[in-house]
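Here is the structure we will look at.
Labels for the chains are A, B, C and D, by order of writing; each one numbers its residues from 1.
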Amino acid sequence: MEKDKSTDEIGFGTKNYATNSRYINNDGSVNVRRKGRKFWQNFDGYHALITMPRTKFLILVILGFLLINLLFASLYYWIGIDHFGNVQTSTPFNDFMQLFFFSAQTLTTVGYGHIFPKGNIAGALATVEAALGLMGFALATGILYARFSRPRSFLMYSRNVLISPYKTLKGLMFRITNPKQNELIEAEAQVILSMIDWESGKRVFIPLDLELRKISFLALTWTIVHPIHSESPLFGFSLEDYEKNDVEIMVFIKSINDTYEQTVHSRHSYTYKDLIMDAKFEPILPRINRKGKMELNVDEINDFQKVEK
Amino acid sequence: MEKDKSTDEIGFGTKNYATNSRYINNDGSVNVRRKGRKFWQNFDGYHALITMPRTKFLILVILGFLLINLLFASLYYWIGIDHFGNVQTSTPFNDFMQLFFFSAQTLTTVGYGHIFPKGNIAGALATVEAALGLMGFALATGILYARFSRPRSFLMYSRNVLISPYKTLKGLMFRITNPKQNELIEAEAQVILSMIDWESGKRVFIPLDLELRKISFLALTWTIVHPIHSESPLFGFSLEDYEKNDVEIMVFIKSINDTYEQTVHSRHSYTYKDLIMDAKFEPILPRINRKGKMELNVDEINDFQKVEK
Amino acid sequence: MEKDKSTDEIGFGTKNYATNSRYINNDGSVNVRRKGRKFWQNFDGYHALITMPRTKFLILVILGFLLINLLFASLYYWIGIDHFGNVQTSTPFNDFMQLFFFSAQTLTTVGYGHIFPKGNIAGALATVEAALGLMGFALATGILYARFSRPRSFLMYSRNVLISPYKTLKGLMFRITNPKQNELIEAEAQVILSMIDWESGKRVFIPLDLELRKISFLALTWTIVHPIHSESPLFGFSLEDYEKNDVEIMVFIKSINDTYEQTVHSRHSYTYKDLIMDAKFEPILPRINRKGKMELNVDEINDFQKVEK
Amino acid sequence: MEKDKSTDEIGFGTKNYATNSRYINNDGSVNVRRKGRKFWQNFDGYHALITMPRTKFLILVILGFLLINLLFASLYYWIGIDHFGNVQTSTPFNDFMQLFFFSAQTLTTVGYGHIFPKGNIAGALATVEAALGLMGFALATGILYARFSRPRSFLMYSRNVLISPYKTLKGLMFRITNPKQNELIEAEAQVILSMIDWESGKRVFIPLDLELRKISFLALTWTIVHPIHSESPLFGFSLEDYEKNDVEIMVFIKSINDTYEQTVHSRHSYTYKDLIMDAKFEPILPRINRKGKMELNVDEINDFQKVEK
């Protein structure tokens, strides 16, 4: 990508607003909600089912299972319990419950058969329910599995972004690490500065130069450094300047998870509140354990110390 | 790709025809049908099952299910109802229906067992049907799931393509946005002009220069601009020229859907009928809602206003 | 890739042999068989199951199903038919068959239940078989589905490779097309010449320059052209030279199938026997059908005519 | 990637340690263990299930199956055996076992039905178990299939790395081959030298220049060569120097498996113990078998001979 320092480069089309709202939340989610005239325009069922919280998904599956059972139990009850063999009729509630459990045994294809459909209407309904159950459970478990196996990047970002001494200059720095036991390879970083340009009254978006944009292997940690040279838009900024210009540092990391051989993306965002002036990260020294394996304490990623100006 | 302005670059091989037929339909589908001497040469079963309309697919699955059931029911009826235990024989139709439902219960592996195969022939047939049912339902639900989860790009394109003032020149512009709640990243555009060159009487295909070919993040909207500089094949064109040359503007967008971490492609095509001279898009201002989230109205993507020449 | 004209570039490591064996077969398969001291070194079960011919795969699945059934039927018979409820004992063969079908009904999880396990040994065996059946059928149908949905490129290559007039020179040309109704995008070609260099007595491998290496869209056909300029290793070759040097033209095409959004690779190889001197391809003109759709006859890809020298 | 010879390039963040621990094990696994304050920070269930050894996975699945069965059998026993139809009560142990097998038949959805739930409590429990069984088996077989079909690179590396004559210089060389019958295409190598720089007392990481970084097709073998020119960090090294500086040669190979059309990565590492001075690899000559197919003996990849200095 060319280093065209325009707004468009990160896809925030129009340029005429200068709000205080951040663009990317701290957890990496995007602070945008899309609406349109028609509901379905903005709706993507698969995406919703894959990304909704676990408990919401489970409740949805259980409710769906109960509803379909209720529907078929009602149909069975409506055509009459005498269409089913081996049922011992008792109270209406117990009759209904017997049919409800028969329905559940059909939907899950258990089919004990102590109760069974007699005649064509009951037979047809049970056939439809069994086919529907097979398809429905396959879809539900497909989504369950997709949720479980979804390629994700679990990068840890240092809590703070530091302004540290860097060679003869200063550098804006933060650290990332992979806390999981899998390996991330070919990691690539892009850092974009978003701030208000008070001359034009507009919010501007500027990609920041990095000391290193790509590493072949994220085995331990990676300190991502933007050297604040004289060309940098942050050159000479004081902490007040960061606040006054409502600075947001947006981070985009792309890498390959080598368990699934899949590219994964991670986003993060720092605001001026996360900034520490004149500090540097503590080096992280992996210990060698008894088996000769290097041990990395990922929590140390946040550790820094103040430096003399 | 090099900017070789040849026909070949977009794969429309021969150059000697100048038809009025558009190459890409407005919905992004390709206006080409491939035929050959042998039917199977052009047939791809999986592709057909994945892309056919939903209702057609459902009808096919239901028909398939009924046909296999009918086939096995007929076989069971043909070997004789006395090969099945617990059947109460009545009319031939009812006998057949009982075997039909037994077949359905076998195919879905419900297997209530109030009817069951007796003897080796019935046992063998039922075994085959059960194995077939397991395989068939797995294939059908696999395809159902693949249809549901197929990576797709649901980009919205502005209804019109505008000729707007652009810096000191004019620019050909259209806008895209992602109406869904997922995020599209690393979006990349290619725009190809197709028109009749009356000098040679041939249709030519020319990639158009873009102000920006790639953005890292399609959070809001992206206005794709071809600056009509003096090198542009559209330099000095009037609305009549666009019509006379049967201009088609073909758009190819590639991006990554970050829910599934998959690359998705989108196509669109404008003809001279979609062109508005001397107009510019209204800026789209996302509103900040009560939760501090930016709200984007994707329908505003079409809004433009006429400008003084 | 740099145009280093070395053998290594296509992975045929050592250089000291000059056999007549072709490297890539006409159907794109590689003419190499890898062996090692230990069988499992060269064995990849999943690869074998995915790529074996359809009938072989079906026979394997059926045999596997029968064998597991036989095994469990034998175990059931061995512990004794009195461990099963509701069985009507008759001849040993019929007893065995009843247990065989009970086994099949357990493995497929149909479980009619007219025969059922009694006591702990039979119960335990049936439990193991049911669990095994669920796992086994899931694996088998998973592989079946993977075979069915495997991303493949069904490119058609022109039967012949032509030496045609090309601008002021000659060009080595062949044509490709996609016979299927799906779309191939971002197609990229690499052509490698393999021939015997009689000076050194070695076989050499030389990548050939192409007029165009990449097209964005393979909608109709693509004529791939190597201009035989004075730098070309084929400059001045007569038909006899092609034969004498045992020329093989290896073709590698990479593209994206836009139904599954997946990259697919295709290989092809021409030998001097497929070469036609002084001929050019007939242009392929798609017809416009009644619905305004262009129709392409893919068989025309082979049509050429001789030209005056 | 730029050839920035910094530590960061391979993701070993801090630079102040000079341990003897190797970074990558001979089998390609990474010699790092990540820890944090909270267990779940470092835990990735899917990754663990996909990568654990086969036997461990099988034991886990069997244990899980038994435990869920035990749980439900206990619940059934606790509500009372009289909630189940057709049970012949005998000893408490046999009662429990009957319910255990009923539970197994429900969980696997076999559902013979010779025992069946009576009343609402037993019906509800069995319904929950059947639904759980369907979901659980789908997850387990999903993971089983993912383990089986996981894209992997089975590259073979030569046992030794040689210092051989190379043109007018020496070269550091090793060979790779693909022992499997599938094809690896677009193979790309990166070789990184890790050694102790005794001047600074630090471990340094230096990417090595390669004669060829990418080949289009790994049909036979690929000898990867680092020319030890005067700019090379290994220029003039004796075997003692390799040992003294604790040299580790890390190899990263990326390629595409053309059966699954998927990118696969492979890692390997050599230490000074694997180094042979003044030797060269024996050329590997594929034999032509009776069917005209080239046969490659992959074990020959290790064969070398000493050369005169």
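Heads up, the rule we're going with is that a residue touches a chain if its C-beta (ideal position, glycine included) is under 8 Å from a C-beta of that chain, and two chains touch if they have at least 3 such contacts.
Remember, it's a predicted structure, so these values are computed and weren't measured experimentally.
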- Shared interface partners, meaning chains that touch subunit C and subunit D: A, B
- Task: List the interface residue numbers of subunit B and of subunit C, divide the shared ones by all numbers used, and answer same when the ratio is over half, different when under half.
- Result: different
- Query: Between chain pairs A-B and A-C, which one is joined by a greater number of C-beta pairs in contact?
  - Reply: A-B
- Among A-C, C-D or B-D, which chain pair copies the contacts of A-D, with over half of them the same by residue number? C-D
- Averaging only over C-alpha atoms, locate the centres of subunit A and subunit C and give their separation in whole Å. 36
- Query: Which whole number of Å gives the spacing of the CA centres of subunit A and subunit B?
  - Reply: 26
- Task: Please list all residues of subunit A that touch 2 or more other chains.
- Result: 109-113, 138, 142
- The residues of subunit C that touch subunit D in their complex are 1, 4, 6, 8-17, 19, 21, 23, 30-37, 41-48, 50-51, 85-86, 106, 109-113, 116-117, 120, 123-124, 126-127, 130-131, 133-135, 138-139, 142, 146, 150-151, 190, 192, 252, 262-265
- Any idea which subunit A residues touch subunit D in the complex? 65, 69, 94, 97-98, 100-101, 104-105, 108-114, 137-138, 140-142, 144-145, 148-149, 154, 156, 175, 177-183, 185, 187, 211-212, 214-223, 256, 258-261, 283-286, 288-289, 292-299
- Query: Can you name the residues of subunit A that touch subunit C in the complex?
  - Reply: 109, 111-113
